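Chain IDs A, B, C, D and E follow the sequence of writing; residue 1 opens each chain.
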Amino acid sequence: FSGAGLIKPMEELKINFEKSHSIVIDIHYGSSGEIFAGVAAGQPCDVLIPGAEKYTDDALKNGWVLENTVTKMVLHIPVIAVPKGNPAKIKGLMDLTRPNVRVAIGDPKAPAIGRVAKQILIRGGIWEKVKSNISVYAPTVNQLLIYAALSQVDAAIIWGDLVTWAEGKGKLEIIPIEKEYNIIKTIPTAICTGALHKNTAIQFNEYITSPEGMKIWEKWGFEPCAE
Amino acid sequence: MAIASLFVVPSWDDVRHNIWSEEMRFSLKLSLITGITSTILVMLFALPIGYALSRFRFWGKGLVKTVIDMPIAFPELVLGLCLLLLFGSTILRDILASAGINFVFTKKGIVAAQFFTALPYAIRIMKSTFDYINPRLEFVSRSLGYSMFETFKNISLPLAKNGIVASMVISFARCIGTFGTVLILAGGSYMKTEILPITLYLNISYGNMGMALTSGIVLMIVSFLAIFVFEKAEVSL
Amino acid sequence: MAIASLFVVPSWDDVRHNIWSEEMRFSLKLSLITGITSTILVMLFALPIGYALSRFRFWGKGLVKTVIDMPIAFPELVLGLCLLLLFGSTILRDILASAGINFVFTKKGIVAAQFFTALPYAIRIMKSTFDYINPRLEFVSRSLGYSMFETFKNISLPLAKNGIVASMVISFARCIGTFGTVLILAGGSYMKTEILPITLYLNISYGNMGMALTSGIVLMIVSFLAIFVFEKAEVSL
Amino acid sequence: MSFLRIDNLHISLGDFYLKDVSFTLEKRDYLIIIGPTGAGKTILLESIVGFWKPQKGSIYLEKVDITNELPEKRNIGIVYQDYVLLPHFTVFDNIAYGLKKKKCCQKESKIREMACMLNIDHLLHRRPDTLSGGEQQRVALARALVVDPKLLLMDEPFSALDPQTGRETRQLLKRVISKSDITVIHISHDLNDAWALANKTAVLREGALLQFGKVDEIFNRPRSAFIANFVGATILHGTAEKNGNGLTSVNIDGVKLASIDSAINGSDVTVAIRPENIIVLKK
Amino acid sequence: MSFLRIDNLHISLGDFYLKDVSFTLEKRDYLIIIGPTGAGKTILLESIVGFWKPQKGSIYLEKVDITNELPEKRNIGIVYQDYVLLPHFTVFDNIAYGLKKKKCCQKESKIREMACMLNIDHLLHRRPDTLSGGEQQRVALARALVVDPKLLLMDEPFSALDPQTGRETRQLLKRVISKSDITVIHISHDLNDAWALANKTAVLREGALLQFGKVDEIFNRPRSAFIANFVGATILHGTAEKNGNGLTSVNIDGVKLASIDSAINGSDVTVAIRPENIIVLKK
């Protein structure tokens, strides 16, 4: 099980791993919420790689994943995405406080990016001011991407790796968030309690967190965790 | 069977507690209001359009029918995107705004999303229903002095009863259950544009499975009651 | 309008490039195969069930009708979860496994998901269609020596033509467009259980809007062609 | 002063053509149209009421061209051959439906009276699909009669009635018509109707109007062998005599024939009998 | 040796009751059922073919109890009062439909022959909804006749035909029946049919069988005033004479009546005429 946003590196990792171990791996992609629901409903799952630690934590609490298998893998860096041409002339986090700037963030309770965005804004001391500019709290990350790409909002706080593709295609522009405010998250991996192929799962987890695996992650715009 | 299995997992205390939470009450109320409004709007549009498609011949009718049917084939996400592009586009947005209407990220957006999700179904069903009504009965009414519109009201509509019930059941169910379209167009913000399927999704994302299941159960009960009433109405009418 | 606006955004080079990618070809082929299979299965079940609901009276009929209609009201996510709980449950899973069938995370699962998504619509439409067919015509056929089943085949089915087309259009469109149910039951595995709506979703998820839009367009073209053929068939039959 | 004028009416439907039909009716005329099946009688009637659009020709009602008028504006009553009752209404509502559109009072009593006369008052609460053929036919008749149309079109309105009910219904119709200045066009397969009800007769065959004129003109001076054969009745002369059981007995040179028609005792009368009504039994 | 036996048949439908109807028919019997509209004639016929389930009583066909038999097993032909043609088939397929189920060869030529005899061969490719009333009725007749049923039920099968076509169709029916050993039950509002076609007659009224017997028994010895009035025909005696135009002229004490029935020249014959067919015109 993997977050859908990780599909590109995961596919490459999968192919390499399959080659070297001559086994077949099924990876199911979905939003973090959906794959989490899948695990909750008892879908057979060996390895869970959601988009944020929150899910592995929750899963741990419910006893769905094995305690000592939760490993931090790569970094998730929030950025500000703005529509092509940057109509609202956003240059940094502080510009979000300007009146009439339409901002979208994730629902602070739902996707990990929502909570992070709120924390960033609070750390920047502008939560209250930006709040009035927020036109939507999106429950899914995809929405943030869509709204920004379709100019429905002037700025959205979103994961950096998510927009590398779109940036390449010239649909979006990325405005980095100032270091002093930014909160960087990590993507975890964990092995499920109900895993049917526990040994293979451990091997897979070892592989994707190995230096060899990290090269692939980097290729697709993720930064390895500095452990 | 598939339905019953949903009831197995949650603990009952949890459900009882969640069902009276403010969030649930809000989302239930909003779901009902938007669902009913959309269903009514859908029927208001589907009846005349379905009738016209059934009775009149015109150039390019096959094309028109196909285009009307197509949104059924769209994943909710796509339909939501289409609507967003449509209502979010500067031209239409300005026109609507001058009329004081804004669909993007608002409750009106929920209704719009539900409306466009259910409309194609209702039109298609009404068209095929009117195909089965003998036009001579309509002619008799006209030869007795009733205009085309009065005839539609007095003859075609009552005779289409079974098809109307089918349309309404499907429209209402579709309206109350649609998630993706509403999510994209209306945003799906907590306690703002939150309808039952969104409550469900939000709570799954929060990891609050109890609340998620509760909203699933509430949704089921609401749709069960509504559909049961419709289906009974068919028999008694 | 809403549909046209989808074509505005993507750049054409992008689309041209994506449309021939291996992923797109795989997902288009899988979509067509599963969509057609499911539609056929749906109709095979919907025709006799719809007929029975229309012609026979039995105790608890209102309840049965309501339960059949209900899945329409479920968000796709919920329906998917229900099916997962059903087919993933140990008992049924073992039974099916001994018959060599596994729905969870397989292509058969896609068909199962589409089947259960579209079936309630088809049943409801067929029921209301058969309501409009005069049972005396069926009796005439029987008095001429045809059994009930032969009469159904020779009389009821041809007369229900318009309703069957409506059911098929809606079923096929629903099958090809459903996303959430398939995602949960069959899993959205890249190049394995990837149908068009999942291609779209996966590509949006990692920000590849070009590919996402291309799959949206392919989906639209496929559904347009299929529905156009169905709607033409209605006229010519 | 023509009341209804049909001018070169031409309608084509598949293989069938209604060919240049023209005739004129005065107010209070009663026209019986006869002709073999498939002659186009029903099509002619339904084009007057506006169901078929003519390709050529025109229809004038009281000097107004109604050829392209909407059916609801024509104010013409019609009894369809296959009744076409509204299945979702009760018998009462079927009869009341046309009346509701009219501004008039005492609708309910009018409907009940009409139903009483046609002997269908016990069926008023029923749905049409539970009625027998003859009952449906009388409901269709009531629905057309109750609105007092200026022009009444009837397509075989007595075909499903037994002889006795048919007799009563014809008498009722005569009574209703005599009280108003209604003009009637009536399609019938019973040639007796021409004698008993009409003052004009038209013969239609294969879409063409073969002859149109006074009733005795058609019967006594048929314009072609086909018409002669089609209407070939025996005409006799005799004296009317009252008979015991309400019937009139006609004495024709000593032979007595019982008839349901009434005549003054002792008066000289003409009797018409059609050959298909003379049943010959070998001894 | 009874062919068809109806035993205390009791059916209730809403307010209407078919009350304990019993009668027996032998092979090759031809029964005409007469009675006022709403008498239950159609219901009786439709219960024999299996459309209505009787509450009480039983139906035996060739000594086999078919009361609860499936309709498709009964092998009874029926012509419905409202034809009930299959709208999605052509006329040809409508007629062929029953035949297809039977094992027999030369189906196509059989259908064409039947259509020719009934004068509907030019309509074979058409859909029923484009036919005139009389044309539909003959298609329904052809559909029932073509399968050679042992028992044929007909509900007013000539009501929509003009006199001439009706005459031809009756003659055709006589011919077809004389060639086979078919048993017929025929509902008619034309009392002449009893004389011309049947050997038995039944009078039905308000769901009760008032009288059942030979034709002349009913007409000459009616059991009640109602029946007497309902069938009250004039019976005359005379001599047959050949007439110019194919008709038979009957000389009754000097009065000559033209009839379509044929009789040997010079033979003594009985003539029956019903009062509603004697049209009296004041001079």
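Quick note on the criterion: a contact is a pair of C-beta atoms (placed from the backbone, for glycine too) under 8 Å apart; a residue touches a chain by one contact, two chains touch by 3 or more.
Just so you know, these numbers come straight off a predicted model, no measurement behind them.
*Asks:* If you check the contacts of chain B and chain D, which chains show up for both?
*Replies:* Both-contact set = empty.
*Asks:* I'd like to know which chains remain joined to each other by touching when chain E is not counted.
*Replies:* Without chain E, the chains stay as one piece.
*Asks:* Compare the two sides of the chain B and chain C interface and say whether they are made mostly of the same residue numbers, over half shared, or of different ones.
*Replies:* same
*Asks:* Could you find the chain whose CA centre sits the greatest distance from that of chain D?
*Replies:* Relative to chain D, the chain whose C-alpha centre sits farthest away is A.
*Asks:* Between C-E and A-B, which chain pair is linked by the larger number of C-beta contacts?
*Replies:* Counting C-beta pairs in contact, A-B comes out ahead.
*Asks:* Report the inter-centroid distance (CA atoms only) between chain C and chain E in whole Å.
*Replies:* The computed centroid separation for chain C versus chain E comes out at 52 Å.
*Asks:* Rounded to a whole Å, what is the gap between the Cα centroids of chain A and chain D?
*Replies:* 85
*Asks:* Give, as an integer number of Å, the spacing between the C-alpha centres of chain B and chain A.
*Replies:* 33
*Asks:* Calculate how many whole Å lie between the centre of chain C and the centre of chain D, each centre taken as the average of the chain's C-alpha atoms.
*Replies:* 56
*Asks:* Please set out, as single numbers or ranges, the residues of chain A touching at least two other chains.
*Replies:* In chain A, 34, 37, 41, 142, 146, 150 touch at least two other chains.
*Asks:* Quick check: what residues of chain D touch more than one other chain, meaning two or more?
*Replies:* Not one residue in chain D touches at least two other chains.
*Asks:* Check each residue of chain B and list the ones that touch at least two other chains.
*Replies:* Those would be 9, 77, 81, 85, 201, 204.
*Asks:* Considering every pair of chains, which are in touch?
*Replies:* Result for touching pairs of chains: A-B, A-C, B-C, B-D, C-E, D-E.
*Asks:* Can you list the chain B residues touching chain D in their complex?
*Replies:* 136-137, 139-148, 154-155, 158-159, 161
*Asks:* Give every residue of chain E touching chain C within the complex, in rising order.
*Replies:* 49-51, 70-72, 74-76, 78, 80, 84, 86-88, 97-98, 101-102, 143, 147
*Asks:* Enumerate the contact residues on chain A facing chain B in the complex.
*Replies:* Spelled out, the residues of chain A in touch with chain B are 32-34, 36-37, 40-41, 54-55, 58, 107, 109-111, 135-140, 142-143, 146-147, 150-152.
*Asks:* How about chain A: which of its residues touch chain C in the complex?
*Replies:* 3-8, 11, 26-31, 34, 37-38, 41-44, 141-142, 145-146, 149-150, 161-166, 169, 171
*Asks:* Touching chain A in the complex: which residues of chain C?
*Replies:* 9, 11, 14, 77, 81, 84-85, 88, 104-105, 183-184, 187-190, 192, 201-202, 204-210
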